[in-house]
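Read through the structures below before going on.
Here subunit A shows up in two complexes: once beside subunit B, once beside subunit C.
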Partner chain A sequence: MKYKLSYYIIITESIDQEETKQILYATRTSTALVLHKDVIQLLLKSDFDRLSVSMLQELLACEAIVPEDENELEELAEKSKLLSSNLDSLQFTVQTTANCQLGCNYCGQQHVKKNMSDSLIDNVIKRFELILSNRKYKQVDVSWFGGEPLMSWSVMKKLSPKLKEIAKNVNCKYMSHLVSNGLSLKSEIYEELASEMDCTFIEITLDGTKEFHDQRRDTKLKESTFDIIFSNLLSIVNRKDYPINNCYISVRCNVDDRNKEGVVPLIKLLSEHKLQDKIRFYTARVYSWGNEAHLLTANENYSVDEIDWFIELYNAGFNFSILPGTNPVVCSAVTPDYELIDPWGKVYNCTETPLVPFYGSEYVIGNISNDITNVKPFEQRPYTDWYDRIQDKKNGIYCTTCKILPVCGGRCPKSWMDGIPPCPSMKFNMEDRLILSYIHSKTTIKELIEK
Partner chain B sequence: MKNKNLKKLLNKMQVDETQSSGDFENLSKNLLDKVKGGKEAPKQTNYASCNASSCNSVAC
Partner chain C sequence: MNQIDEIVSSLSRIINYPNKVIDTVDEIIDFDSLFMQAVQLKFDKNTMLTMQYIWSLYQKAFQASKSSDFILANYYYTKVNSFIDKSELPEDCFKYINVYATPNIAYFHYKKNDFLRALTMLEEAIKNIESIESDYYDMHIAKIQQLHNISRLYLKLNKYQESLNIVLDILQYLSSNKNPNYLSPWGKDFIDKCNPKIISNMFSQVFFETILNMILIEELKEEIVIESVFLPLLDQLVNDRVLDITYFEWIKCLEYYSKKNISDFLQLAEKIIISGSKKLYPLKGYLLLKYFEFIKFGKGKQSDSLLYILNKLSDFVNEQLSSLPASIKEMMQVEMKNS
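And now, the complex of A and B:
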């Protein structure tokens, strides 16, 4: 069989003083290999016959070398399409409330005091049961989303045992997770989420230390929130039984140019409280939520700053990999049965559109307030032709020629439809990630910094 | 290499680094061993595609 070098590879500059070693990253399998520069040259000339057998086997295994006649984009897209339509795990999001205490200045949602009614709760339960009876799933992950879901704690408490029971009846593993601002996340609430509601993780947001966070994540009455949220976090992670049932707290830090100076102080604060092994931490660039928030950050600046934050995290003792996994299923929206139900019973297949005035009725795929079958079939939902769209350059989606497509997947079909390329930081800093990963694999960053 | 601090780190490391033996190193495997070999580190994610963090979940 004849072979060619895969289109989906990234090669770094030399990583040693003698300039003999480079890293080759095959994004189709997310495999990074450290290779001699002579090997790299052979690969670039497609002179595969001069490679050793073991080298050739390794390069074939990681799909850095592929059959010469393979249309790689088509192969990737068609595999993803097949996988997306045959997932054995289901996502189901319940937006239990449209209410939230906070008035974050980059949020696109419009909040009102509206929780799910009892009659809608009944219909959510019936809809969930219908979905699980139509297709066999091995596991289901229920996402509690808002607004601020804990402002409808009573709704969650009514729904959770029923949803669990339905999953159990069809022999489907049940799990859930919560996306919260953290303000009401008291230790006893955490305990109930982890022990009774099968929560596998809870995500809260801290946008830097107090001076940065309180500038942008204050309440609608302009009250500070950092101290309460941080105190809640410490109460939970300092419990003797934490993490209950392996339910970890994830701390997300939304970043734009206004608070980027607050990231390193936050990492230091978290490490001073010895949270390195107790929480997940990551930064996310603020992007458009039906608004112009994406204009607050230059993506290329963010991608350079992010490497500094990774170095700081390693220096502080956080232990994680900055190389992504492959991402064959870009988003729940492209899967056949994913649904989000809002507090009025409207159904969506995207978490970013409900409660956001910018997005109109064309994004609504159903309404189960009166009839639980009133939901559009998969083919009529937005974004579901994603894997066809990325195969055609005429659609103006850069993914068609992007080398990180296998590890990115295109990131957000909705954002592309909005005309805002959602390209992630790794598109701009993958080479730096590879080099930092190499350093991290060889030594201790802390010791290196202190030299 | 776009990040200046990363460049400094690499330069510092190169003084100590000796050539590795063999044809190649599988960096991904080394990293996996290192991450798993540490303390009970929680899984980390490095990007979020949406505000609901469904990229942290099973389907994504």
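And now, the complex of A and C:
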């Protein structure tokens, strides 16, 4: 039996003063191991016979070494294909409205005052019932998405109990989550979402402290929004019963070169209010949403800044992991078990394309306003050949040769089709992440210090 | 002294006992390592490397089954099967591969709630182990482990008496060499050739799990478990194999409890809780639950000192019985509150 060192390996420089230890990160299983430099040398020379039995077992388990004749890319892609076409959970996004109070200057959506009509609500319910009757799912996750979904609160309230009941009738676990700008997220709304609508988390966005946020996330009438959103956040997380049914608030901070100076002050503000254990906080680089927003930041700069923000978060006492998990199913769009229905009844398999004028009818996979069966089969939808595409170098997708493919999955098939590589920050700062993770949370990295 | 006073005194001595027991850490002997050792002794380096890869795939399948990700588990089973088909391993290896693979696949069926199929596979696993145990005696304990898995399966099938019969079989076999009835004839004198530490670990595992099941599974009537498993052991634990005396004393305590002999119960229970190894946490936890039952049914006014002691007892439970399952600790907190 011959082995080889996996292609999907990242090795750091020495991490100790004596220069004897290095971190080996096997991205195929997202496992980080601290190894003696002599062991690393043996691995690099493929001298596996000199490894102990237990070391070899560890390295095989984390797929740092693999059979010599294994085509690793094919292996990863075929496994992903299998898993993505056999999910036991349904993701169902309802875009209850095309309306939003905000006019964020990097948003690609076009907002109009249009909520789902009663007849479409009926068809959404029927469509949901049809999907659940066609296949046995263990669970379903309904995503309330917009526009700003809370501008159609009454639509959500009509839909939620019906969807829950249908799931219950087929013995399928029901859960939901909400993506909101946070402006209308009052404490009593939170209570109803968490207790009645089985919301498992709610995501809101703060793009820095007031001076930064209000420059870019103001209303269409140019009114400030930070104070209202932050006050809503505090009144929720300071409730005695928070988190109701474990429904946490997640705060996303969209970053480009114009507001990056606002991230650290925001982290400080959140910690001044002792929110470290109450919320999840993360930053995301502004990307193209059918526009040129991705040009506002260089990915390399973002990756450097991101490490500083991680340090700030660690120092402030936030509990989080900066090492990703594996990502065999890159996004809902590559599975047959996802649908998004927009306020007109059009059906999509991607959250990024509806309401965005840049994306035309080629992205629409159906329309259920008149006929609930009018949805293309999986094979005819965009992105379904994703795992074949990444295996062929001719397609120009960097993932074909990228070492972080197993933990990234290719990030966003749509962006690749748009010709905009969506490579995540971890591609550029993984070594720093590993060292930082080792310093701050040693328990997540196993030390195998034998020579 | 009335009953409550006696209990208060006993609990007071428990929480104030000055010399906390410090346990040395036992070397953990897991069966994957045992298999590895057996294979290392038997095969050359190249075969060993191939076997290690096969194991790694089975381990991944097991992890996937554990998370009920059956598609992924199947993916690894397909992968390992096609690898084995292509590999040119010596015939002898397949016996070892089967020993490892069969319980692994049985677990897959168990997680899919196909208990009958899992049962058939576990019985097959026992037969497979018989084919290699004369090469490596400690593997004999792997047979006991599969027998324990069969008792767990019977629990899942709500066949409680069948499950308890097997548990008694195992405990008797480990403590006094009495051959199990299940799948008899059971074998030769392998048990005497096994590492005593492994025997003792296995005994504790089965004993402890039975206690925890008795507390946690409502349908498993306590008196039936005591009658079917623990009391029959009392006369048979005496043997030349080194087993902790506390197990006998604990069963004795159960006897006192069932006869409502509170003074003798308290005396012996207190001794076990104070001086017994920290590793005997299920035994200690169970006895404390019995204290609460005595308090509940005890006569006399609940004194301030009892309240004080019950408050203090919380720390004792957290420190000394930290390995108890969370559900039992919660149960104890409720009992302390109610008392």
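Rule of thumb we're sticking to: the second predicted complex is superposed on the first by the 441 of 451 C-alpha atoms of A that agree within 3 Å, B and C clash if a C-alpha of one lies under 4 Å from a C-alpha of the other, contacts with A are read in each partner's own complex, and residues count from 1 in each chain.
The rule is short, and it goes like this: a contact is a pair of C-beta atoms (placed from the backbone, for glycine too) under 8 Å apart; a residue touches a chain by one contact, two chains touch by 3 or more.
Worth saying up front: this structure is predicted, and the values here are computed from it rather than measured.
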Contacts of A:308 with subunit B and subunit C, given as first, second, both or neither: first
Partner chain(s) touched by A:118 [first = subunit B, second = subunit C, both, neither]: neither
First (subunit B), second (subunit C), both or neither touched by A:379: neither
Partner chain(s) touched by A:284 [first = subunit B, second = subunit C, both, neither]: first
Residue contacts with subunit A in the superposition, subunit B compared against subunit C: B
Touching partner for A:272 - first (subunit B), second (subunit C), both, neither: neither
Partner chain(s) touched by A:241 [first = subunit B, second = subunit C, both, neither]: neither
First (subunit B), second (subunit C), both or neither touched by A:89: first
Common interface positions of subunit A, toward subunit B and toward subunit C: 54
Subunit C to subunit A touching residues, read off their complex: 36, 40, 45-46, 48-50, 52-53, 55-56, 59-60, 71-72, 75, 83, 87
Touch list for subunit A against partner subunit B, complex: 12-13, 15-18, 20-21, 23, 30-36, 39, 52, 54-55, 58, 87, 89-91, 93, 139, 141, 143, 145, 175, 177, 179, 201, 203, 243, 248, 250, 252, 277-282, 284, 289, 303-304, 307-308, 311, 318-324, 327, 329-332, 335, 338, 350-352, 411-412, 422, 424-426, 428-429, 431-432, 434-443, 445, 448-449, 451
Subunit A-facing residues of subunit B, complex: 1-3, 5-6, 9-10, 12-17, 19-20, 23-28, 30-32, 34-35, 38-60
Subunit A - residues contacting subunit C, complex: 1, 3, 48-49, 53-54, 56-57, 60-61, 67, 79, 82-83, 86, 88
